[in-house]
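Below you'll find the structure, written out as C-alpha cells, and then a few comments.
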C-alpha cells in the first residue's frame, strides 16, 4: 500500500512538475521544476531498487546538468521571463501532437502482455558492485568509447566559446 | 535498505505497465515541451526530460528482466545527455552572442 | 576482332584529335572516317551471308553480372555499320569549324559518336549494347549544346531527357532480362533462348518500345525531334537522323523480335498503329512547315514510322523492307541534308521562303537535289522506292487499312517535298544571291563528287536492291525463327 | 545470259531512249543546242524501228518474254525486271515511239529558241523510256515503276519553265493528283497479290481465266481460296482509281487542264497521245480481271461517260486553245473508258490509237499557231489565220474532222465502234454517247472557226512576224494528219467489208467479242449520228464562221448560270480546294499548333512543368523554422507508428 | 577496433599538435591516421580484442568494407578541407580531430552488435558533426545549421533511445544475437519490440535524411561548412546505411550475406518496417529529386539530391540479396567520389569568385577546361550515364532490387532518377554554355588540378573496370 502511495505520488509529482516545466514562462522556474521532476524520478529509481543509479542521477542531473543550465541562464541574464510568444495554434498543435504521440504509443503498447514479474529477483542488480562489474566487463568497450564522446563535447565547447583570436 | 519493503512485494504491487505508461507520459510531455516552446533553454530542458523518462523506462525494464544491462545502459544515456547538453549550451551561448536571443526561430535564413 | 576495330578506330582517333592540335583535327578525322569506310567494305567482303554472328570478339567485363564485351556482326549489322560510317563520313566532310570555335572538340565528339553508335550496332551483349546506346547520347548532347543554334539549352535538355526517359525503362527491362533465365547474363544467345511468360514479355516489350519510340520517334513520343533537328548543325542532324534513329530500328530487329516474340504479336499492334498514325500525322504537319530542317524532321518521322511499322509486323517482307529502307533513308537523309547544308552556305537562313531560284544559278545542284527529293518521296528506281513498296506490302498483309494510312504519306510526302523543292530551287533567280555582285558558287569539287556519289548510290539502290535483300535473308529468317 | 535477237531488240527499245537521256544528262554541256533534238529523236526513232520489227514478229513468234534481272524479291513477293511483249504492247510501243519520234522532231523546231532545249530533250527521252517500261512491264510493280516514272517526267515537263511559279504549281498538282491514283493502284496491287500470290500479268490472267491459283513461290500465308466478289470489286476499283489518276477521269482529272502549262509538244505527247492512255492500257492489260466484276465495269462506264460529257461541256466555254484541247482529251478519254466499261475493249483501243493521232495533231497544230503568235493561246485574240498559216490550217482541219467523227476520217470509225457497243448495252447509253460526241463537234468547230476564220484579232507585231511551221514542225504535222485521216483503215468494221485488222491482231490478247446487232440497225445508228454531226457542224459554221461570233469574257456569263458553270469548269478545282486541300491545310495547322504543340508537347513539357511546380510547392515545406521542423519530425514519428499499428 | 583506436587517438594527437601552434601539422596527422586505418582494416590480424569485445562490436565483412569506404571518402574530404579552410583558421586541428572522432563513431556504427553500441556510435558520429556544423562561429548560417542539426539530432536521439529501450523491454537484451534468439521464439509478435524497432528505424532514417525526417538536411547542408556538408552527404550516409543493413539483416532471420531464400524473403517483406522503408524510400526519391528542381544554391541542391540518395540507399537495404554490400558500397563510393569532387571544386570556385549559386558554374567549361570536365563527369556520374561510376552503382542496386521483386520501387527510382537527370543535366548545360558576362579564365594551383584529374580518372576508372572496384568491397 505504501509502495503504491509512494509510486503514485512520485509519478504525480514528476508529471505535474514536468508539465509546469514546459508551461512556465520563466526559464529559471522551468529549471527548478525539472529539478523537482528529477528528484521524483530518482525516488522511483530507489523504489525500483536501483539505488546507485538514483544517486548518480541526482548527482549528474541535479548536481551537474541543472547547475549548468542555471549557470547559462544567469550568464545570459535571462532570469526575468522571456517573452517569446507562440501563437495559440502552435500551442494547441504542440499539445495535440504530444497527446497524439501518447495515444499512439498507448495504442501500440496497450495490448502488450508484460507478463508476470519474475519470481526470483536478484536484489543486487541495482548495487554499485553489480553495476560496476557489468560496466567494466560486458560494457567495457562502450565505457571506453564514451571518452571520445566526452572529448568531442569538450572540443565543441572550446571551439564555440574560446575567446577569439584577433584575426579570424 | 531495510526501511523499504521487500522488493518482491513491490513488484507485485506495481505492475510494469504503470512504469511504462508513466515513462511514456513523461516522454510525451517532454516532446510537447520541445514542440511548444521557442526558448532554446526550455527546449533543451524538455529534451532532458525525454531522455530521463527513457532512463526510467530502462531501469524498470532492467529490474523486471532481472538484468543489470539496462541499468548500465542508463549510464551511457547519462553520458550522452551530459555531452549533448554541454555542446548544446555552448552552442546556445555562442548563438546568443551573435543574435542576442534564445528564440529557436530567430534563425531562419536557410530555407526552401 | 574486325568488328571491334570499327569501334576502336574512331574512338582512338577521337582521343588522338582531342590530344592533337587544332590544325590537324579535320585532317585526322577525315582520315579516320575514310579508314572506317574502308574497314566496313573490308568487313563486308569477309562477311558470309549466314545467320550466325561473325568477326566475333568476346571478353569479360563484369563477370559477376555476366556482362561481357561481346561484339559480332551479321549482314544486317553490316548494313547498319555501312550507313553509320557513311553518315559519319559525310558528316565529317561537311564539318568545317573555324579555329576559334574549337574544332578539336567538335571533331572528337563526332568521331566519338560514330564509335559509340558503331558499338551499339555491333554489341551482342545486351548490356554493353545499352551502354553504347546511352553513351552515344553524350557526344550528341554536347555537339548540340556547343554547336547548335536557337534556344539551344532548352532544346538540348529536352532532347536529352526525353531520350533518357525512354532508355531508363529499357535499362530496367534489360536488367530484368539479365537476371531472368538460368544464369545471369546478357549475351545474345542467352537472350534468344529465353522463354518468358507472356506478362513479362509484355512488360519488357513496352519498356523497350518506349525507349525506341522516343528515339525513332513514334507518334506521341516525337516532340523533341523537330526542335532538335532544326537547332542542330547539319553534320549533327546527319548523325541523328542518319544513324541514331536507325539504332532504335535496328535494335527492334536485333533484340525485341527474338526476345519477346509473343508480346510482339499481342502488344506490337498498339505500337504499329501508333507508328502508322504517326506517319499520317507527321506528313500532315509537314505540309505547313516553313523551315527546311523542321520539314525534314517531320518527313523523317513519317518515313521512319513506316520502317518501324514494317518491323512491327514481324514478317520477313517487313524486316527486309525495313533494313533496305533504313539504308535508303540514311542515304536520302544524307543527300537531302547535304543539299540543305550547301544551301545554308549560300545563304544563312532556314526558311523555305528564304531561298528560291537556286536551280537557275546552279543547274547541277538543282538537278541532283531534285533527284534527292524524288528519292525521298520514293519514286521508282530511286533508293526510296523498293523498301517502301516492301514495307507497304508487308503492312498490307498485316492490315489493309494500315497500309492505306501509311500510303497516304506517299501523297502527302509528294505535296510537301515538291512544295519545298519549288520554294527552294525553282522560280526566278533570287535577287539576294546576286545582290552583292556576281553569284559565287561555293560548291567545292569534293562537294560535287560527294553529291554525285550519293546520287549514284540512290540510283544503284533503287535499281539493284535485290543483292542486299538476298544478303540479309538468312539473318532475318534466323531472327524470325527464334522461339 | 543469252537473249534471242527478238529479246535483245525488246531490251534495246527502252534502253535507247534511256541512253539518250543519259547522254543529255551527263554530256549535255558539250552537245550543241541545235543538235540535241536530233540526237534525242534519233534514239526514239531507232526504238520505233525496233518496235516495228517486233510488231512484225509477234504474229509469227508469239509473245516475247525478256527477263533482265530480279529487282525485288522476298518470298512470294517477286518483282522481276522483265518485259512481256505481246500484240497489245507491241502496238502501244509503236504508238509511243512513233508519235514520240514525230513530236521529238516537231520539238526541234518548236523549242529551237529555248535556252534549255537539251534539258527538254533529255526529259522527253526519259519519258519515252518510262512509258516503254510501263507498256512492256510483265508485272504490276514494274508497271507501277513506269507509271510513276511517266508521272515524274510529266512533272518535269509541265514545270519545264520553272521560273514561272504558276507552272511549277501545275507540275506539282499533276504529280500529286497522280500520286493519289498511284496509291490506289498500289493498294490494288497489294490486294491482288495477297489473294493470288503473284504480281505478273501472265499468272494473274491465268489465275482468273482458270480460277486456279498460280503461285510461283507458294507461301503458306497466302490464301488459296477463290476470290470473293467483294475482293475483286475492291481490287478492280482500286486499280481503276489509279487509272483515273493517270488518265484524267473524274474524280482525278483536274491536273490535266493545268498540265497545259508545259511546252505544247509535251502536251501533245504526254497529255494527249501517250501517258494519259496508260489507264486504259492498264485496264486492257487486266481485262480478264475486270471482266469478273460487273459492278466495276458499270462504274467505269458511268465514270467514262460522265467524264466525257463533263469535259465536253467545259470545253464549250474555254478560251485558251490548249485548255479546250485538254478538256477535249478528258472527254475523249472518257469515251474510251466508256467503251471499256461496256466491254468493248477493241473499240476502246481503236479509239485510243486514232485519238493519239488526231489529238497529237491538234496539239501540234495548236502549238504551231502558238509558236507563230509567240505564245498567244487565247482564241479570242486569234482569228482569220486560215490564210496566213495554210499548212497549219489544213492539218488542223484534218484533225478536227477526225475528232468530230465525220466519215470517213479515223475518228468516225473508232467512235462509231464505241457507240455501237453502247447501243448493244442500251439505247440510252448510245444516246448519251452521241451527246458527248456532239459536244465534241461543237467545241472543236468553235475552236477551229474562231482560230482560223473570221476577222484577225492579232496585234501589229504578231501580224508582222506571222510565219507558218518550219520543216521540222511541218513533217510531223503532215504525217499525223495522214494518220488522222486514214487511221480508220486500221480497223474497218465488217459493215464496210473491212477485215477488222486491229481487232484480229489483238485477239491473241483480248478475245474478240461477237456483235449481235444487225447490219440494218448499224446503218441506222451510223446514219443518225452522222446526220447529227453534220447538223451541229452547220450550226457551228453559221455561228462562228458566218456570223463571226467571238466568245465573250467570262464575267459577262454571270447571268447565265449554266454557261457560267461551264466556263468555270464546274468549279471542281474550287470544290476540291474547299473540300480537300483547305481542310487538310487546316488540319495541318490544327494538328501542329493545337494537338502537337499544345497537347502532346504540352503534356511532355507539362510533366516537366508539373515537377517544377511540385518542386516549388514542396520546397515551401522547408520553411526554415526549427520549431516547425521539430513538429514535422514528431509527426513523422507518429506517422510511422501509425503505419505500424495499421499494418 | 584498431581502426577506432587509431582514428580517435589521431584526433587527440591532432589537437595536441594544434594546441602547440603547429596547426599545419593537423592535416598530415589525420591523413596518416586514415592511411593507417586503412591498413588496420585490411590487416585484421593486428590485435585480438575478442576478450574485451563481449560481442559489443563485430568486425565482419560488412563492418570492414563499410569502414574502408568511409575512410577512403574521409581522405577525400580531408583533402577537400585543405582547399576549403584557410591555413589561418582557428581550431583547425580541432576540426580535424572532430572529423576523426566522427569517423570513429561511424566505424562503431557499422560494427555494432549491440544496441548500446548502435546508440553510442550514432552519438559519437553525430555530436562532432553538430559542432562542426556550427564551427563558423561568426557565420549566422553556420550557427543556424549547427543549431538545427543539433536540436533535431538530439530530439531524434530521444526517439532512438525510446526505441532501444522498448526493444530491451521486450527482449531483455541489447545484443543482436540474443535478440535473434528472442525473435525466433515468437518475439515478432511483441508490439513492444515492434514499436521499438520502428522508432529505431525512424531515427536511422533521420540520420540518413530520408523523408519524412529530411527537414534538417537542406538547411544544414547549405549553412554548414562545405567540408561538413561533404562529410554528411557521404561518410555519414555510408555509416547509417551499414547500420541499417546490419539491423535489417539481424531482425529478418538472415545473416550477412543473406541467402536468397524465398521463404525468408517473404518473412522480411511482410514485416512492418519493410513497408515503412519502402514508403520512406519512394517518398525520399520523389521528394528529393523534385524539390531539387527548384534549387539554385549548389549545396542546397546537393542536399536535395542527397535526400533522393537516401531513398535510393534504402533499396539495397530492402532488397536483402547476397551481394547487397558490394553494390551499395560501390554506389556510395561512386557517389561519394563525385560528390567530394563537386564540393572541392565548389569550395575552390567560391574562394576564387565568391559566387555560391549555380550561376557561378556558368561557362565553367570555357573558363577552365579541366574543372569543367571534372564537374561534367561528376554530374553525369550522378545522372547515371554509362560507363561512369554512378551508372554501375545504380545498375547494381536496381538489379538487386529487381531480383527482390521490388518492381514498383524500381519504377519510382527510375522516375526520380529521370527528374534527377534533369537537375544534373541542367547544370551540365550551364557549365558548357559560355558565360557572356564574365568570361575570364580561371587558374588553379597545379596540385589542385592534379587532384581534380585524379578524381575524374577515378570516376572513369570505376566505370570502366567496375569489377575490380566491386571486388574491393
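Think of it as A, B, C, D and E in the order they're written, each chain with its own count starting at 1.
Basically, a residue touches a chain if its C-beta (ideal position, glycine included) is under 8 Å from a C-beta of that chain, and two chains touch if they have at least 3 such contacts.
These numbers were taken from a predicted model, which means no experiment stands behind them.
Shared contact partners of chain A and chain D, listed by label, are B, E. Any chain that touches chain D and also touches chain E is listed here: A, B, C. No other pair of chains shares as many C-beta contacts as A-B. Farthest chain from chain A, judged by C-alpha centroids: D. Located most centrally within the structure is C, per distance between chain CA means and the overall CA mean. Averaged C-alpha coordinates put the centre of chain A at 31 Å from the centre of chain E. Chain A and chain B have Cα centroids lying 4 Å from one another. For this pair, chain B with chain D, the centres built from the Cα atoms lie 98 Å apart.
Remark: chain C and chain D have CA centroids separated by 37 Å (rounded to whole angstrom). Residues of chain C in contact with two or more other chains: 161. Those residues of chain E in touch with two or more other chains are numbered 116, 120, 123, 127, 130-131, 134, 137-138, 147-148, 151, 155, 166, 194-195, 218-219, 294, 422. Residues of chain A in contact with at least two other chains: 86, 90, 93-94, 97, 101, 105, 108-109, 138-139, 142, 146, 149, 152-153, 156, 160.
Applying the touch criterion to all chain pairs gives A-B, A-D, A-E, B-D, B-E, C-D, C-E, D-E.
Residues of chain C touching chain D in their complex: 158, 161-162, 220, 222-224, 281, 284-289, 316-317, 320-321, 357, 359-360, 363, 374, 379-381, 385-386, 389-390, 392-393, 396-397, 400, 403-404, 407-408, 410-411, 414-415, 418-419, 422, 425-429, 463-466, 469-470.
Across the complex, chain A is touched by residues 1, 4, 8, 11-12, 15, 52-54, 56-57, 88-91, 94-95, 97-98, 101-102, 104-105, 108, 114, 116-117, 120, 123-124, 127-128, 130-131, 134-135, 137-138, 166, 170, 190-192, 194-195 of chain E. Across the complex, chain B meets chain D through its residues 31, 34-35, 38, 104-105, 107-112. By the touch rule above, chain D contacts chain A in their complex via residues 627, 631, 634-635, 637-638, 641-642, 644-645.
Residue ranges of chain D in contact with chain C, taken from their complex: 69-75, 77, 79, 119, 141, 144-146, 148-149, 152, 155, 159, 162-163, 165, 168-169, 171-172, 175-176, 179-180, 182-183, 186-187, 190-191, 193-194, 221, 584-585, 587-589, 591-592, 596, 600-601, 604-605, 608.
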